[in-house]
Amino acid sequence: MLYVAGVDVGSTQAKAVVLDEQAHVAGEAILDVEMNMSSAAQQVFDLVVASAGLTPDDIAFTVATGYGRYRVTFGDLQVTEISCHARGAVAEFPNTRTVLDIGGQDTKAIRIGDSGEVVDFAMNDKCAAGTGRFLGAASFALELPLSELGPLALKATAPVKITTTCTVFAESEIIGHLAKGRRPEDVLAGMHHSIATRCASLVRRVGLTPEITFTGGVSRNAAMVSLLRDVLDTPLNVSAQGHFMGAIGAALYALDHARAGTPGTRRASVEEVAP
Amino acid sequence: MTTDILVAGIDIGSTYTKAVLLDDSRAVRATAIRRSGYKPSAAASAVFDDLVANAGVEKAEITYISTTGYGRYMVPFRHTQITELTCHAVATSHHFPTVRTILDIGGQDIKAIRIDDQGRVRAFRLNDKCAAGTGAFLEKTARYLGLETGDIGPYALRSTQPVEISSVCAVFAESEVINHLASGIAPEDIMEGSIVALGGRAVQLMKRVGLEPDCALAGGMTHNPAMVAALESKLGAPLRLPPHGLGQLNGAFGAALLGLRRVERLLADGREIAPPSGEDAVKPRRWSTYVPASAAASASA
Amino acid sequence: MAATTHTAKAMDARAAGQRLVNQWLANVHSAPERGQPVAYVFVMGNAVEILRVFGFELVFPEINSLQTGVRKAAPDFLAKAEDYGFSPDVCSYVKADVGLMLSDMAHPSGTRIPRPDLAIASSLCNVYIKWAEIWERHFGAPAFVLDIPGKRFATWKPIPGTAQYDADKRWVEGQLRDLISQCERITGKKFDPDRLAEVEANVNEMVRLWVEILTLNQRRPAPYNSMLDGLTYIGVLNAWRGTPEGVEYMRLLRDEVAGKVARGEGRVRQERFRLIFSGTPCYVNMRRLVELFETHGGVFAASDYLTYAAGGLDSSGLFYDPSRPLESLAEVTTLASQLGLSNHFFSHHTLAQQVKDYAADGIVYHGIKSCRTVATSMADNREYVTTRYGLPTLYIESDLIDPRYWSDAQIKNRVDAFFEVLEQRALLKGGK
Amino acid sequence: MAVDIESSLTDVLARCHELSLRQDIGEDEANIAIGYFPVYFPEEIVHAAGLRPHALLGGGNRIEVRYADARIGSFVCSICRSTTELGLNGSLKGLGGFFAQPICDAAKHMAGIWGRNFPQQDPQILALPQNVNSPASVRYVYDEYQRLRGILADKVGHEISDEAIRGSLAVYNENRRLQRALYAIKRDDPARLSTVEAYLLVRAGTRMRREKHNQLLREALRLLPQRRIRPMDKPRVVFLGGFCEQPPLEMLETIEDVCFIVDDDLLIGQRWITEDVPEDGDPVWALAESYIQRSAASPVQYDARKPKEDVLMTTLREARAEAAIISAAKFCEPGLDDQLALSRRLDREKIPYLVLEFEEKMTSFEQMAMQVETFAESLLFD
């Protein structure tokens, strides 16, 4: 049996999947990136291989993606998150024409052509406003785990208007609103709204062509999904595997190579890419 | 010298609320400080209570109260309010008549102020949009390194080889800090690197108001010796710090000084000191918030 | 770049270009000693032909500024200007030049730039005019604002003989006459139309060769990279415009490029993708940027920048008629603006044409935060080109010379992804 | 009686205010609206054609930008962004013409954006010259105005007669006289007419037929002298920076809480021509000549006869102002360049000034209040 792996080393979390020859998911793993991207990559790889009940030698081809893709010392090939998220999204929702990926530190909008190819993309990676990190600030200020933010925000009745765009100041704004007696769910809804409008403008930058598929860690957040639906005024595909979409896309590329038997061409050394 | 005049200055900052009590010889009779929290008016009353208690006087003995800081309008028992820029200018010039440029690094903003020989504000600039240029930047790094605010300075002073922090976003700087830690760089070098980065931005702001010597630092950052050193080296000149630990109290001190001036003027003119007039004078109509009759009608319909 | 090959001949053109640039800088440096009047001019719409007639030495402040970037000295100059009070949002060329003024005009090239006796600012970039106002204040030198009406709308066609054409030409000619009297006052010389005809004949020859050189890059593989080699070419082209030396250089260059084409030598060893570059270069990191593309086998076959920075004459092959020199100068200046330079604001058609002419696979837009002339509506333009023509495009952002806006990891990420897009398309088309 | 005066004035101002909030072009009149981007536009020719000039003044701070961010660089001023938004969100879809002028590089791009997105609106650049010092300039402006006249004639399907244009000149001459009267009140008796009020009165002219606006101004000028006012002790300042992108009302209010603005350049294009345009002779020539010879100054018009610093000094003197507020819209290169030049001159003349940067879309004014209060304090605590 042929197995391949996709490893997505993000700014906040490292994700990995193993696919079998039929492109079925044979294992998946996720890990917080703490200190060291290379070791996080190695660990998540070990984990995913174990979860598939395999050993590293069973993996025929590994594609690395994500912000830290050049720090993956063991991969065969690197592909950008843009191509990987697109690939993963199209594999699950073949009619996808626009992908929105909200990650921990950046947001991407990708336009897909009729053959599933990437046509255009836009990203926000200069300022942490409007990224998953904005929610991280909320999670810190409210002392709630990330997974509870969305469900709580959905209960809002009178969302507050968040005025700061800076992620750092957002934290104090949240606390300020709470101190003034606003309910956490209303504050959270405001935070979500602020991200949703920023991301919507990024999506419009590549043209809002349906169907739209929402990927990345923040796609696990139900409030974000529903707000984006409202703001974009269109339905949204969300996969249960949304968080792994980059890793799945990477693994699909790995599968292409493994099937074709083409050798890997790992580019660029670790030093070449500044953090 | 009689001391039957007592003037309080209260500075309601975004992070700390500070108060100073002066008598008519301009001597500091008491000070007080507290975290501002999220109810500035409550913080102001609490600090005022502390102040009178510290001075061992009754509230009724206070002649005049002036407020400053971002919460200056939120104190109902004030006689007047003055902006912190004016207060810093007056206070600094009182201590050091030769100072022409003042820097105040606060938790959520930075201010650079150029003043003249009379202590009047001539030009100023602030930065408050992006956390990368404020005290919050240091606090974030410190939090990541497990340091308390008060420890930042002494800790960073141990640095021998400050590392360069190149990110322009405070959030991304955090990843940079993590990377540096991972590659084995000493935490004090990282802390010092952040201080140098922030110091550079601060000096830039000072230049943008037309930096003239002498320079002074005010606000909470005066407690941070590493920041003082970094600024001095960037400026290539010494920084004046308000004496007697009045650095963080500089704004409150200035507010009290200006209050005292006002009292002296009123008394010299033989006028009464009116009771505190906390509520704002009636403002003219605000067209910006005017709701057209038609809109009001349709909203209620 | 390892992928580049240089023949002995190539070194010739390069060495000749280098020699000319050095000589020009030396001339600039010594102009005051020699009592030669100095004019500051911009690359777009500069009436250099008239200045040559009066024997002005030319200073191109844009080149001074970009050179601070190339020589990695920009941060100091920019900081000086910002400390002086210029907003970070102001054009970085202006700021670098202000930095130079505050450094007593000591340029990092070793040249001391003399003060201007005259400055000409055309209306093609409004910042030129604001910039010239700064010189007026600093040097007390008179600024001559040359208003050259551009396109009034995207499909605007100047048609000789129409009342509209005459109106615009009359306006430009009137101003050129003012300029001539001003030059006469400054230099004490009388205007010599024959000399103007001579200069124009030289410009004609240079433009003819330049158009040839541009066209040679339509060949596959492209013999040179517009955004690296091309930038050197236009430097010489500007500094020596209208001179015999300039003609000679262009001929040498044309021969060299033609030779490469004949031998099938390309700029990159294995040319996989041909690209159009739109926008201004990032002079601090141009080498790095080109390398990011060339490692993927991508070459910039053409760029609208080469037209803008060469004064627009290559657009539709505009030539002077030296038999009626002044009138013809007015005509061609107007046409260069309407057919070439004002395309900044309506560039979608021109870009689409370049894509066709150069058989390009995509367009790379380089947005400059502080250059609103080039970048204001780039995103809208891109949207139009992508939806209308289905072309892959890439948008990257940095600055002309300010290294603070260059983020290597972010740009590399985008370039990598862009080539993945190009590869995918190539696969789908079943080619390459 | 005094109450009646005040409530009549409030009625007038409320009408103006309501007009200032309208984002669309309005359908109250059958005529085609011809949109133009700041600063100045020869409205008389449009008026004479029987068309409706519609000054594009941005979207204010209540508009939600949804589409424009994807089309315009993040480093471009708000008025370009919000105008594009108004185009893309359909608010301006009824425009029958669109003109931008070469005031700055961003504005020239507006013609490109409009051309790509709304070609049916026949977007154009009216190429007003940056060189107004050449003897050939009046003729050139004249030619360009004739071009405009031709375009408009095509739209209405008949020639625009000299007579019609002369009639419009008369209407606009009166309008400018009334505006000057308004500004005289502001200067001589600032407590009687606030800058926000004057601004709303002037701005209303961009949203109604000029004849009606003349009526409105006459009414305001009749009421104002009878208004009961409370004298206040505030420093007199001149405000600059409102020539193109419009500062939010809140900003002007924040300033006026502590200062009197006794002169300003808000909507300067509305009174660009400073004296009556001659109503005899060739009316288009008269208009062109007035543009060159009898006009105001702004950062987006080069004029060797009017260095901006000198203009400011004259304004300060004539308005008897003790200080200046030199503002600029964020990302407005011409404004920012002049801001520096002006502040250097003020430094030299030892005239106090305050530098402010604003954005049309601003909604929070706390920091600005602090700056303005500090400034006023520095003037008062002398």
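Each chain gets a letter, A, B, C and D, in the order it is written, and its residues are counted from 1.
Following the convention adopted for this analysis, a residue touches a chain if its C-beta (ideal position, glycine included) is under 8 Å from a C-beta of that chain, and two chains touch if they have at least 3 such contacts.
Quick caveat, the model's predicted, so the values are computed rather than measured.
Asker: Hey, which pair has more contacts between C-betas, A-B or B-C?
Answerer: It is A-B, judged by the count of C-beta pairs in contact.
Asker: Of the other chains, whose C-alpha centre is the longest way from the centre of chain D?
Answerer: The most distant chain relative to chain D turns out to be A.
Asker: With chain centres taken as the means of their Cα atoms, state the distance from chain A to chain C in Å.
Answerer: Here the centre of chain C sits 41 Å away from the centre of chain A.
Asker: Calculate how many whole Å lie between the centre of chain A and the centre of chain D, each centre taken as the average of the chain's C-alpha atoms.
Answerer: Here the centre of chain D sits 47 Å away from the centre of chain A.
Asker: Specify, in ascending order, the residues of chain C that touch 2 or more different other chains.
Answerer: 85, 379, 383
Asker: Spell out, as numbers or ranges, the residues of chain A touching 2 or more other chains.
Answerer: Counting only residues that touch two or more other chains, chain A contributes 122, 126, 205, 275.
Asker: List, in ascending order, every residue of chain D touching at least 2 other chains.
Answerer: Expected reply: 70.
Asker: Taking touching chains as linked, do they make an open path (line), a single closed cycle (ring), a hub with spokes (star), an all-linked set (complete), or other?
Answerer: It is complete, because no pair of chains fails to touch.
Asker: Can you name the residues of chain D that touch chain B in the complex?
Answerer: 10, 13-14, 17-18, 21, 194, 196-197, 200, 248-250, 253, 256-257, 347, 352, 355, 366-367, 370-371, 373-375, 377-378, 381-382
Asker: Per the contact definition, I'd like the list of chain C residues that touch chain D in the complex.
Answerer: Going by the criterion above, the answer is residues 84-87, 89-91, 94, 123, 125-127, 129-130, 133-134, 136-137, 142-143, 145-147, 149-154, 164, 167, 170-171, 173-175, 178, 342, 344-348, 367, 369-370, 372-373, 375-381, 383-384.
Asker: Which positions of chain C touch chain B when the two form their complex?
Answerer: 79, 82-83, 85, 404
Asker: In their complex, what parts of chain D are in touch with chain A?
Answerer: Spelled out, the residues of chain D in touch with chain A are 65-67, 69-70, 363-364.
Asker: Sort out for me which residues of chain B touch chain C in the complex.
Answerer: Chain B reaches chain C through residues 168, 204, 207-208, 210-211.
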